[in-house]
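Naming follows writing order (A, B, C, D, E, F, G and H), and every chain is counted from residue 1.
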Amino acid sequence: MKSQLEEILNKVHKGKLSPKDALQTLKDYPYQDLNFAKIDHQREVMKGLPEIIYGPGKTDSQIVSIAQEIIKKGSNLLITKVEKPSYEKIRKKIPRVLYNPQAKAIYLKQKKPPQGKGKIMVMTAGTSDIPVAEEAYVTADILGNEVEKIYDVGVAGLHRVLGEYEKIQQARVIIVVAGMEGALPSVVAGLAKIPIIAVPTSVGYGASFKGIAALLAMLNSCPGGVAVVNIDNGFGAAYLASLINHL
Amino acid sequence: MKSQLEEILNKVHKGKLSPKDALQTLKDYPYQDLNFAKIDHQREVMKGLPEIIYGPGKTDSQIVSIAQEIIKKGSNLLITKVEKPSYEKIRKKIPRVLYNPQAKAIYLKQKKPPQGKGKIMVMTAGTSDIPVAEEAYVTADILGNEVEKIYDVGVAGLHRVLGEYEKIQQARVIIVVAGMEGALPSVVAGLAKIPIIAVPTSVGYGASFKGIAALLAMLNSCPGGVAVVNIDNGFGAAYLASLINHL
Amino acid sequence: MKSQLEEILNKVHKGKLSPKDALQTLKDYPYQDLNFAKIDHQREVMKGLPEIIYGPGKTDSQIVSIAQEIIKKGSNLLITKVEKPSYEKIRKKIPRVLYNPQAKAIYLKQKKPPQGKGKIMVMTAGTSDIPVAEEAYVTADILGNEVEKIYDVGVAGLHRVLGEYEKIQQARVIIVVAGMEGALPSVVAGLAKIPIIAVPTSVGYGASFKGIAALLAMLNSCPGGVAVVNIDNGFGAAYLASLINHL
Amino acid sequence: MKSQLEEILNKVHKGKLSPKDALQTLKDYPYQDLNFAKIDHQREVMKGLPEIIYGPGKTDSQIVSIAQEIIKKGSNLLITKVEKPSYEKIRKKIPRVLYNPQAKAIYLKQKKPPQGKGKIMVMTAGTSDIPVAEEAYVTADILGNEVEKIYDVGVAGLHRVLGEYEKIQQARVIIVVAGMEGALPSVVAGLAKIPIIAVPTSVGYGASFKGIAALLAMLNSCPGGVAVVNIDNGFGAAYLASLINHL
Amino acid sequence: MKSQLEEILNKVHKGKLSPKDALQTLKDYPYQDLNFAKIDHQREVMKGLPEIIYGPGKTDSQIVSIAQEIIKKGSNLLITKVEKPSYEKIRKKIPRVLYNPQAKAIYLKQKKPPQGKGKIMVMTAGTSDIPVAEEAYVTADILGNEVEKIYDVGVAGLHRVLGEYEKIQQARVIIVVAGMEGALPSVVAGLAKIPIIAVPTSVGYGASFKGIAALLAMLNSCPGGVAVVNIDNGFGAAYLASLINHL
Amino acid sequence: MKSQLEEILNKVHKGKLSPKDALQTLKDYPYQDLNFAKIDHQREVMKGLPEIIYGPGKTDSQIVSIAQEIIKKGSNLLITKVEKPSYEKIRKKIPRVLYNPQAKAIYLKQKKPPQGKGKIMVMTAGTSDIPVAEEAYVTADILGNEVEKIYDVGVAGLHRVLGEYEKIQQARVIIVVAGMEGALPSVVAGLAKIPIIAVPTSVGYGASFKGIAALLAMLNSCPGGVAVVNIDNGFGAAYLASLINHL
Amino acid sequence: MKSQLEEILNKVHKGKLSPKDALQTLKDYPYQDLNFAKIDHQREVMKGLPEIIYGPGKTDSQIVSIAQEIIKKGSNLLITKVEKPSYEKIRKKIPRVLYNPQAKAIYLKQKKPPQGKGKIMVMTAGTSDIPVAEEAYVTADILGNEVEKIYDVGVAGLHRVLGEYEKIQQARVIIVVAGMEGALPSVVAGLAKIPIIAVPTSVGYGASFKGIAALLAMLNSCPGGVAVVNIDNGFGAAYLASLINHL
Amino acid sequence: MKSQLEEILNKVHKGKLSPKDALQTLKDYPYQDLNFAKIDHQREVMKGLPEIIYGPGKTDSQIVSIAQEIIKKGSNLLITKVEKPSYEKIRKKIPRVLYNPQAKAIYLKQKKPPQGKGKIMVMTAGTSDIPVAEEAYVTADILGNEVEKIYDVGVAGLHRVLGEYEKIQQARVIIVVAGMEGALPSVVAGLAKIPIIAVPTSVGYGASFKGIAALLAMLNSCPGGVAVVNIDNGFGAAYLASLINHL
């Protein structure tokens, strides 16, 4: 956009365009382009960050063509929630991409992203919550964060959470992933005065209502310092955690 | 805003500002101001239209001061969902305002708004739906529409709806207000191939769930041509109806 | 049971058992057996009625063995909600059974059931509601009722319902089957002062929420005379209609 | 309406109106009037039946004027869900009306309605369900039915329901009113092969969700012969029961 | 129908039928036929409009026979929500039909429908919303509207919406299709004072609850001028938009 | 009942009644009376237990008359969920009754109930949960249990729960009362292998949905040994705990 | 842990460590280890109890390796909710394991667990509830309980429940499994003053909402003594029942 | 605790207690006390931070006594969600406390808390959202943060949000408070790559369902970087924002 605006100003400067006509042009000038410029500028600052593709609802060939363009630009790449058969088709076209089968995420690191200041901890209550935690892990990693995982430390065996007390204190942000009764974020928030991002998972059956029970529990978390993202949204939790970790 | 932008361009024109510096200034220039200008311009075109205040969550004195400013500008005024005691306090400060007690709406017409092309019909299924219908009526009226009311023609007595067949055909848009089973919009949509805006009301008890039953019924309306606004949102229905009627 | 009780009384009569001991025996006597006797007696009166099997959650071989026992007793048979492949397996074992593929019901009439006094009308709003209506039809038929069907007369085309005005007046009970906005029972109840049993169906998408929209609409039906059964419960509607029709 | 149509035909007969012009007139003739005539005729047949006013959402003076008109016509009168203070204001204007304070119903019998054939039984699970049952009682009574009440026979004390076994068998229709877990209709339906109209009440707390628990239980009632009306809708249940009882 | 009514009037005119007997005949005359005539007449006016078949719940052969009849009449044809395998079977019988695979719509234009006055804009927030938007597109097109599409302009990248500012101003009606948080209609309604029909989609996961999140957001849209149709109901939105565009 | 049955048997014994006629009489004999007898007998065994009145939906005078009858019989008395003004009216009639203002329970111990074997622990997560816990306390106490209270030990301060570790081990049953995220029962169940009865409370706001969040969390409790009662149902929890403690 | 702590104390004793330094060490000492020790000790007491694996969300090979480790330790083994194909793969690796196909549970008893004091009764309302009941059966059995089953005694045929009156009285705890209207626990609780654990099942259709109807009914159960576990959670019910039975 | 532990160690040091006996004492030593020490220690570090009282469910006198104790300790004080009459009673006892009537928060700053590194921005969509925003403001302020407010910048007037573009870029964390459709967080997240904490409010009517619409919209927010707290939970948002701002 700069070039266009620059051109107008140059014309005014050179007397080829009257201020009045320039005004008219600018008034009709799509303001979003200015906006776009700003955001682009900001993007420039964030170099190294991945371009992220949300997989569902896109065909394999759509994903391939978007991904190829991103790779050509030299950006890092993250594609979330892609089933394995899709990955295999995509890999045939772009053999360099890697796949985290638990996270169901395709990724490619072409350059080192700017690193966050501390450590992001990813915790799960159970083993069934691991896929969502892995999505958070892959995302946080490619966004330039040191990530540590503590899996399967649900409140049923409190000693397991408490056994990680020291580690918990060392994190800068904690992502807590839990299904069923979703109690882990409350317990962790009671132990650590650090920002906690709670991710409810659709793990459970019956009255877990595909994650609603955990979601509501987390929203009602009594100790301060907990915020919640969408059910199974490991990506969103990691994205926010990375923003915090890069402050 | 123009003045500021004009000034910059004049400076460039007069050589007092280099195109590069101007570019810098403009890059940081709040783009929303451009936007604002446009919208303001648009407002100008819409002269005669009321400024609308949503009453709930505002104190009487807040309402009075906003209203006084609007009246000073010469605009028409509409304040929705104001209880009678509030109205009485407001009237002491602004004696000219009128009140529709069923609609719970305060209004003041200071100039004639641009008139819509046809007639807006406001129908209710029962007598208890009338307050919401009156809110629609007051709104449509002050927005510059001919409005006709057909009240209490629920599907329990089909002959009553059918008895209004001719009138229904003459409308340009129909607002159908109904609580309980919310069936009237479907029936009216079957009779008239005109845009129908359905307003579910919180009228009913038990499994009406304060309007959810009617809302769902209306969203699932089988005949084409029906769209739905929020429960008890007579204002919103009339606002949209007026936009359609002014096309 | 009679035999046991008879025996006790005979013993008392013959002086082989004191009234006091008999009393003790009877006090511990399972009261439900008396109950059972009564219910059995009642069954005797209802000869000709079918024994009904709810298909889901039963294996084909379970269904076959229950059905064979029923057939052996000479009873009529109705098996509801059985998919076609199951029917085909069952038919190999019990070749006489018939199948209504829309209703997904297996049935066998071995004797004529006592006939109801009037006509049961089964109406549907749309063609997609027909399977549920057919379940009602099959059930009402085997329970000994004259049944007439009026399908696809939704409120979108009101003239279609009105066109059946005369027929509607001739029914003794009406079963109205509708999905989506579930408005038909209200309209029919406005036309006919006869008992109406409304059956919401899971037909629809989005905010029909698999029949909840229709269910709520029907529960809130404004005209009197409407009661509702479970979503897709054509059987239950017909069973109740038959009880009414046999009064 | 007849007079108008008669007039047209007479004119055609006398040659004052050509068939073609008559056709034109009739084509535009509001068809609903024909409909109205039919319904009116039907009304004539139903003489003695009450006109019913749903109280909520109507002002006391609105109720008074509607009621006065009904009384003038000689009809029986039933006004449902009217709070006591309203009743007291209404009684000042219409001293003859009676009030059932539990049912919150105003009524006036001016002529004997046609009597139903059997007995309607009104049962409640608990004492808190009685107001809804009384609404059913008042309604069924004024609609011309013999009504018997069996209150407070919840499934917690099964012997109380069973103790009414004989009475239950003698009813023609049973209205079962229950809040909380709403289990009574299922139990009664297991005991009596008669039409059962289940009325969920908003009695309960917590997870009764103002009657939803009872409503869902009743809709899922396993024994056949149960249909459900809206939560707290004693009127609707009695209206339907009366229709059945008058068949 | 006219013929029958004409005949009666002719008989009365000729003295072959007394006014009284004619009255009797007419009183029993199915009023809906009159109604039907009117609607037919109205249909006549709307020549060129398609007959629309809602695909789900109909067998392929049912669709074929209905479609063949429509085509025989010379009408335009639209069949919504048909999966590709069904389309392929249908095409074998009716080779002329076309298929929009994203919209899952079969259509056939045999004559030019009456054209709407302005342009209908179809916008989507994301790429996954496109199938619903395409259903709207196909429908609006066959109903005789100029349609422009703006896809993938969600509020996450506000500059993309703002970049379409000028185009948005040129529309007569806007259909906004969005899943997830459903924020786009509110933003668009803030930019354009034109009727906006919001279509929530079932796109999203977790707490999107198959479109409920978007639906609720849209119903609560703060800027005036937005009405909502059922989740994924691209057809309904376009049908209403077309009605508005033809006013 | 015995007398009637005794009489019949005596008649048979004395030859005044044939076994066949006796059989007939007994077949028609209301079986519920036998049932009643059994239950009465069982009651006899349970002497000392209170008769319990659920307060809501009963008038003060109804409560007084039921309570007076119970007191006359010498039973212990418990009336739940009675507001203070009601209590004060009731006390005027029955001065001996006591009142727990937090539990909103009226009670009167006239005789010592049979004592449970161990200790019932009543825990709350917060201070706002205390009223429900007190209802549990009052109930468990009058049912003959040693009760210990541990209040305000929510998971936000895990050290507070852990600080009660020894006490927790000494209980025979634990009632855990919690609102908001309802996580405490899961944590306690992880610490103690004893039966735990979880009581969700309506404490909280927003997405606690009056106890639904806590209810769902508790139903999904991951560690074994937890069962749930209705929201705010302190009575029900204590009643079950007492049954367990008396085993 | 003891060794570490012992070492510190020995050092203090021997004067190698000052009390002050020991204090510092202990202050930083992970408290959870103490906790862990306690819990381990408790485990020791519970020898004979099975280690339980929740199957869903684990791969077959994960299950195999966990199971092999458990078997090596000599513990009893229970794996819940495992589909048959998974079982068959697992059996190839661990041929000794047994499978209950209805319960979908794999189990292996290597030593006799400590036996409960009384009998656990498992009742179902219908035949479709049996799989959940079987999960409860398998669990209760391997936890060391005498278990009796009473299946298919729903309230539709009350005589069937009543026919089990004597057996019911002999149980120490009753697990009642029911879908649809979930009325059985209320009825059983009315008959037996024993702890009752209600398990709602997802059996039913339409407004059963996959067990919500039954769940709500059970939570609102009017007779005392009923607590509820998650929908379809036969395991959880049996685990709690076993805790109660071992008191 | 230290004193007790110190004493034990001193005794061991002095040979008054054998290591073995000390071990025994420590093994039974409530491990939570160690835990408590740590947390206390941590508290010590956080000096200056307020002690926070959640007002609802506490009596005025309870609040007074807790507050007095906190004030005595020299801590800052924050009491949330206290109605004005309560405040007035509390002020009589503790005259120094201040009150924010919009936030309904009582507070008292006795010492300067440690300051956060950047600025927390608090934005609202409408004026009715201000009370919740003020709760966030009061909380963030007393927790030691520079806070800037931008109120009433809903998406209906996009230019207002865009007009704050520069300010938004300067924040370190943004709290976005919105009711109704809850779209503002998505728009802000699109503009600023900073952590955003979204607070849904119960502002709205009908299908806003007391904040559910906004809550769901926020959970489904498409742009990354948004997490959500409970409806109306201004406190929780500010607490988390402060944790982030103090990193």
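Details
In this text, a residue touches a chain if its C-beta (ideal position, glycine included) is under 8 Å from a C-beta of that chain, and two chains touch if they have at least 3 such contacts.
Note that the structure is a prediction, hence the values are computed from the model and not measured.
Shared contact partners of subunit B and subunit D, listed by label: C, E. Put simply, the C-alpha centre of subunit F and that of subunit G have 25 angstrom between them. Rounded to a whole number, the gap between the C-alpha centres of subunit D and subunit G is 50 angstrom. Between subunit F and subunit H the centroid-to-centroid distance comes to 38 Å (mean Cα coordinates, whole Å). Each of residues 31-32, 35, 126, 157-158, 162, 165, 206-208, 212, 215, 219-220, 230-231 in subunit H touches at least two other chains.
Pairs of chains meeting the touch criterion are A-B, A-E, A-F, A-G, A-H, B-C, B-D, B-E, B-H, C-D, C-E, C-F, C-G, D-E, D-F, D-G, E-H, F-G, F-H, G-H. Residues 30-33, 35-36, 39, 54, 56-58, 62, 81, 200, 202, 210-212, 215, 230-233 of subunit G are the ones that touch subunit A when the two sit in their complex.
Residue ranges on subunit G touching subunit H, taken from their complex, read 2, 5-6, 9-10, 12-13, 15, 18-19, 22-23, 26-27, 29, 31-32, 34-35, 37-38. Listing the residues of subunit B that touch subunit C in their complex gives 125-126, 154-158, 162, 180-183, 186-187, 189-191, 204, 206-209, 212-214, 216-223. Residues of subunit H touching subunit B in their complex: 126-128, 157-163, 165-166, 203, 205-208.
Residues 35, 38, 42, 46, 52, 117-118, 162, 165, 172, 193-197, 215, 219-220, 224-231, 235-237, 239-240, 243-244, 247 of subunit E are the ones touching subunit B in the complex.
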